[in-house]
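Before anything else, here is the set of structures, which you'll find just below.
Each of the two complexes below includes chain A, the first together with chain B, the second together with chain C.
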Partner chain A sequence: MSFTIATTVDEALVALDAGARPIAGGTDLVVGARHGKAALPADLVAIDRIDELGGVELDSAGVRVGALMSHAELMTDPVIVGSYTAIADASALVGSPSTRHVGTLGGNVMNGSPAMDTGAPLTVLRAAAELRSVTGSRTVSLDELWAGPGRTTANPGELLVALHLPPAWDRCGSAYVRLEYRRAMEIAVVGAAAAVTLAADGTVASVAVALAAVAPTILSVDGVNEALVGRTAAAAGPVAAALASEQAAPISDLRASDRYRRHCIGVMAKRAVDAAARRADGESIAVPVNRSLGIGAA
Partner chain B sequence: MAIAEVPRFVRADGPDKVTGSGRYAADINLTGQLVAKFRYAGVSHARITKLDTSAASAMPGVFAVLTAADVPDVIYSPVVPDRRLFAKDVVRFEGELVAAVAAVDAATAQAAVDAIVVEYEDLPIVDDLEAAMADGSPLVHQDWESYAVTGDTVQRPNVASFSSIEKGDVDAAMASADHVVTSRYVADGCHALPIEPRAVVAQWEGEKVTIWTSTQVPFGARAGVCETLQMPASKVRVIVPHLGGGFGGKCGFHFEAHVAALAKAARRAVKLVFSRQEEMVAPDRRREGMIVDITSGVKADGTLVARSGWIAIDNGAYTADAAFFPQLAAMHVAGPYAMEAVKIEASLVYTNHQPSGSVRAPTAPQACWALESHTDELAAMVGMDPVEFRRANIVDEGVEGAAGQIYGEIGLRRCLDAAVDASAYSDDLPDDEAVGVAISWWPSFPGPSGAYIKIDSDGSGMIITGAQECGTGSVMTLRMLAAKELGMEPEDFQLVYQDTSAAPYDTGATGSQTLLNNGRAVVEGAREVAAQLRDLAADRLEAAPDDIELASGKAHVSGSPDKAVSIVELAGVAAEGEMLIGKGSGTPPEYPSVSAMCVGDQGLAGWAGPQFACHAVHVRLDRETGVVRVLDVSAAHDSGTIINPVAAHGQVEGGIMMGVGQALTEGTQYGDDAKQRNTGLLEYKLQTAADAPTIHTEFIEIPDPNAGPYGAKGLAEAPNVPTAAAIANGVAKLVGMSVRQLPMTAERVWMTSEGMSS
Partner chain C sequence: MTTSYELDVNGVTYPVTADQGKNLLSVIRENVGLTGTKEGCDDCECGACMVLLDGQPLNSCSYLAVQAQGRQVTTIEGVMDGPEMHALQRNLLEAGGVQCGFCTPGMIMSAKALLERDARPELDAARIGLSGNLCRCTGYAKILSAVEATAVELNT
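Let's turn to the complex of A and B:
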């Protein structure tokens, strides 16, 4: 049993190589262990004091978001709120103020829950994950990263150091909405993110939609770009809703039946497309969209 | 009409609770203390074919392993005695105790619990209320006829207690109606869910045991220990450190005897601390699921003439304190309405679920939800505005209620007016918003209760009371009453409470009764001390005792504030001779008589100090998803005189939040195995602070002569009663019909609006 407090990425990688598991905020790892989901790993390396893992930086390839960015930081970060708003929408809905201050983006992504809130936004914003180990680093798409509920394709020795987002372009907007039964401490019953770029005439120039909590991993809606391009935003929503409901593979559990989830994922997809298009059109809709537009328990 | 000039004061327990220096039961640690863990049935209905504790007992570090064979074979519970400390032969719900272990630490205790061998033969599961009542249903209790029920309790196969309220000829009256409306409403069970899971610590000294426990009823807990372990009350002391909430879930006697028995067998102090899951599965206190069928007859002009009702209440596997539930539910389905004839039958039905028991206003929120939803349907049937329909049919001064009680001056009509006026009921609202209105009532519960009051030589006061503080502030408010009688400040009094060996009897934090009953005792005790002070002052000031007034910490001659002596000085004098000591118990208010015929009478058809309320709730519906949000609640309450306005507002706000939860998100989900599926706070959805609506509260203060001090009635339960009903009526306006299941989850609302049944 060991607990290492790393202050540099290299220290952390050495500990990982020796078999330790990383712990960032611990809001999944520790809470899960307490609930008997999985025992706390015998060897842990705390990564929460590694400065290199923080921050949001603009670079030539777009934006680098450190894995250690907390939800509280993400929901107010000017770059994220300004150009990658769906992530801020998602982070602002996570748990409670204390969860948001402790929980991190990296933890959310690596925990791999199909109900993770930042997953659908990162997917529509075409984020890539930078993984590093003692032997080197590689960058993978999120599709490649998530393997199933609670599973990733990262090797045990790999640390997620950052997520990379492509540069924002003109007249593009994004949004994440989720169905929730109450206003705090909620878990997505279903959630949908959309990123929309508008053409000069106001019609959809490109669009991506991804869904949370309706499949074993975050689900990118197929064919949505082809189906929506050229439509007005108003006409696009219902088409996105139909595609989302059709492609979702929801389960029935204590939170909702599959039938209700299938219906609601369509509603969420429509609302996400609508909000993303309005943001693309320059409208300022405060984060999170759920509260601003009176969605769910708003 | 606050009785004190300055209604705000620092609660005696406030600083400790806020700073964390206060001690709760789980904070008690004794030398050599062992850890208790329970072996639960884990199955809902089965015969025990093998129970072998030898491996567990043999484990190093295990000091005691107990089963039914190791404790007196006592079958207990008030009114309907039907259970034992440990299962004997048959287990009837998943959380039933089969064995208990005391060991050096939690891991050893758990290992020992796991090492106990129990084998079962399955018995048929009874979990459907109607099927359970049908002829030929498997029985939850095979030998129910042998149970020594008390009072007028009526039993039937799988029915622990049956009650009816009957007045007039309901068939004839129904035939005279222009419209007859029938509705069925089904409520899921839910939980009290105090934030503090319970803890019990027991320690023996010779033949005496001291038990520190998180109970709402120290004397009730003591009585349970005495009954089940066959001990005299003089050998059992129950102490409650600070209590982290109860909401009824900690009423009654629970695990004090198990821990005491373990401590005796182990010859060491033993401590039990529940996990959240245990807190949700094991205690015999949950809010009861219910089916309500109501039929009402109305005249075309909106006059209510007759009502019949059929109610089935989920008792769960054992009866706890629930024998009175049928009659109380029947009263709530009758409601505070006048009508010619009524016939309501209610059954408390055994199932293989966790036992039900008093949770804040037992039976009332569900029954009120059914009745008030039905009432809006009646109004619609005759084309009347729902508020007007209520104005035309409610009880009032001099009017006879459904059970035949004739009321004195009551505030129901004023509550209705005040809540509706303060709401957006008459406003033009967006088409996804509406205001729903519901009225309700709730009894006050008179009972015996005692307190001592003393003033020490330094002039500081002390109230020694049997009352239990469960967070409502009612014990804290006792200081206001003593202060008023003695011309002192609330902060001048300390409290000694929650210790059965220190103070006289009180029923505990149950039935909103603390201020009603113990408040009278404290006033009476304080008046004794006041008389003693007047005598002393009269001597010193050369005046007649009757001319002495106590105010601002002084005794002065009436009309001459300067002819005065301080209470501190008088206390010093008294300390040298006849000390300042008072006691109070006093005669409880009387129960009024009623004219209805009641089968299975539990004494709850006529109410002393009846409380009335109206909530008008502004809701918003997300039509596409069925998610309902409560925006604003206007509440008006007649709970008689309000003594401590700050605490009273807190009770209304808390009751409303609990009602919002019951209305929208809180409900137990069962599997086919009759086990609860959502036994954690992730899947059992409480409301959070972020969900809280704006709440406006108005008190209609009508002092009730047949109630508590200064005409105060109870208050802690009443605010929980009409909230779900009012929300339902708002939602029904938006959906176009009632959502007939509670909680009205988003999915159920959506299904109702889509015309689907669930």
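Let's turn to the complex of A and C:
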């Protein structure tokens, strides 16, 4: 049994190589262990004071978002709020101020819950995950990373160091909306993110929609771009809703039935597309869009 | 496995010898001996165990104490201003925002962190600031008016 505190990525990688599990904020790992979901790993390496894992930086390929960015930082970061707004919408909804200060983006992504709030936004914004181990590094799409509920394809020796986002372009907007029964300490009943780019004439030039809590992993909606390009923003929403409801594969649990989830995911997808298109058109809608438009409550 | 380390609580360094998996709440109450921080749900839901970690609110029931090494932990005992009550404590009493009192230490820690982030929060921001804290008997109206009274008092 061991607990070490790493201050550099290299130190953390050596500990992972020796079999330790990383702990960032612990809001999934420790809470899960206390629930009896999985025992607390015997060997842990704390990664929460590794400076290299923080920050949002613009680079030639776009933007690098450090795995250690907390939800509280993401929801107020000027680059994220300005150009990758759906991520800020999501982070602003996580838990409570305490959860948002200690919980990290990397933990959210690597925990692999199908209901994770940042997953659908990262997917529509085409984020890629940079994984590093003692033997090297590789960058994978999120689609390749998430393998099922609570499972990723990362090896135990790999640390998620950053998420990479492509450069933001003109007349692009994004939004994340989740259905919730209360305004704090909630898990998405279902959630939908959209990224929309508008052409000069105001019609849709490109669009992506992804869904949370309706499949074993975050679900990217197929065919949505083909179906929506060239339509007006107003006409796009209902089509996105129909595709989302059709492709969702929700379960029934104590929070909602599969039928209710399938219906509501369409409603959320439409609202996400509408809000993303309004942002693409230059309208400023405060983060989180759930609150400023009052569109996420059951 | 038992491990030994030091913990800074309210500016005092305490030596701790405890199981590696022991949560911060239990270490504060049992090893450090400060019992103002309460165990409510013990499940990261109710906020009775709220402390500050480097000034930010933290559910201490679900945080490993070993991970708080090298950081500053503030509990309700660290909120008093010498022998004087903190304005939040006084205003909660005056507004009748304390009934059974069990949620109060956690409420105060969240409210203190909120007022440090946002000196004059709007009502909605105050609600969000306290959204990780449950009260089951006083109700929230008086607690929120105490927070507002404190914001006014500290900024005039």
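Heads up, the rule we're going with is that the second predicted complex is superposed on the first by the 297 of 298 C-alpha atoms of A that agree within 3 Å, B and C clash if a C-alpha of one lies under 4 Å from a C-alpha of the other, contacts with A are read in each partner's own complex, and residues count from 1 in each chain.
Everything below uses one rule, namely that a contact is a pair of C-beta atoms (placed from the backbone, for glycine too) under 8 Å apart; a residue touches a chain by one contact, two chains touch by 3 or more.
The structure presented is a predicted model; accordingly, all values stated were derived computationally and were not measured.
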Touched partner set for A:S98, first chain B, second chain C, both or neither: second
Chain B versus chain C as contact partner of A:I23, first or second or both or neither: second
First (chain B), second (chain C), both or neither touched by A:S257: first
Which superposed partner A:A46 touches (first chain B, second chain C, both, neither): second
Which superposed partner A:H35 touches (first chain B, second chain C, both, neither): both
Touched partner set for A:M1, first chain B, second chain C, both or neither: second
Chain B versus chain C as contact partner of A:S137, first or second or both or neither: neither
Partner chain in contact with A:A184 - chain B first, chain C second, else both or neither: both
On chain A, the residue positions that both chain B and chain C contact, one per complex: 35, 96, 183-185
Touch list for chain A against partner chain C, complex: 1-3, 5, 23, 26-27, 30-31, 33-35, 40, 44, 46, 48-49, 72, 95-99, 101-102, 183-185
In the complex, chain C residues that touch chain A: 1, 3, 20-21, 23, 42-45, 47, 50, 53, 56-59, 61-64, 66-67, 69-70, 110, 113-114, 128-129, 131-133
Chain B-touching residues of chain A, taken from the complex the two chains share: 35, 96, 179-185, 187, 254-257, 260, 263-264, 267, 294-298
Complex contacts: residues of chain B adjacent to chain A: 620, 622, 624-625, 627, 629, 664-665, 669, 677-678, 680-683, 685, 687-691, 745-747, 750-751
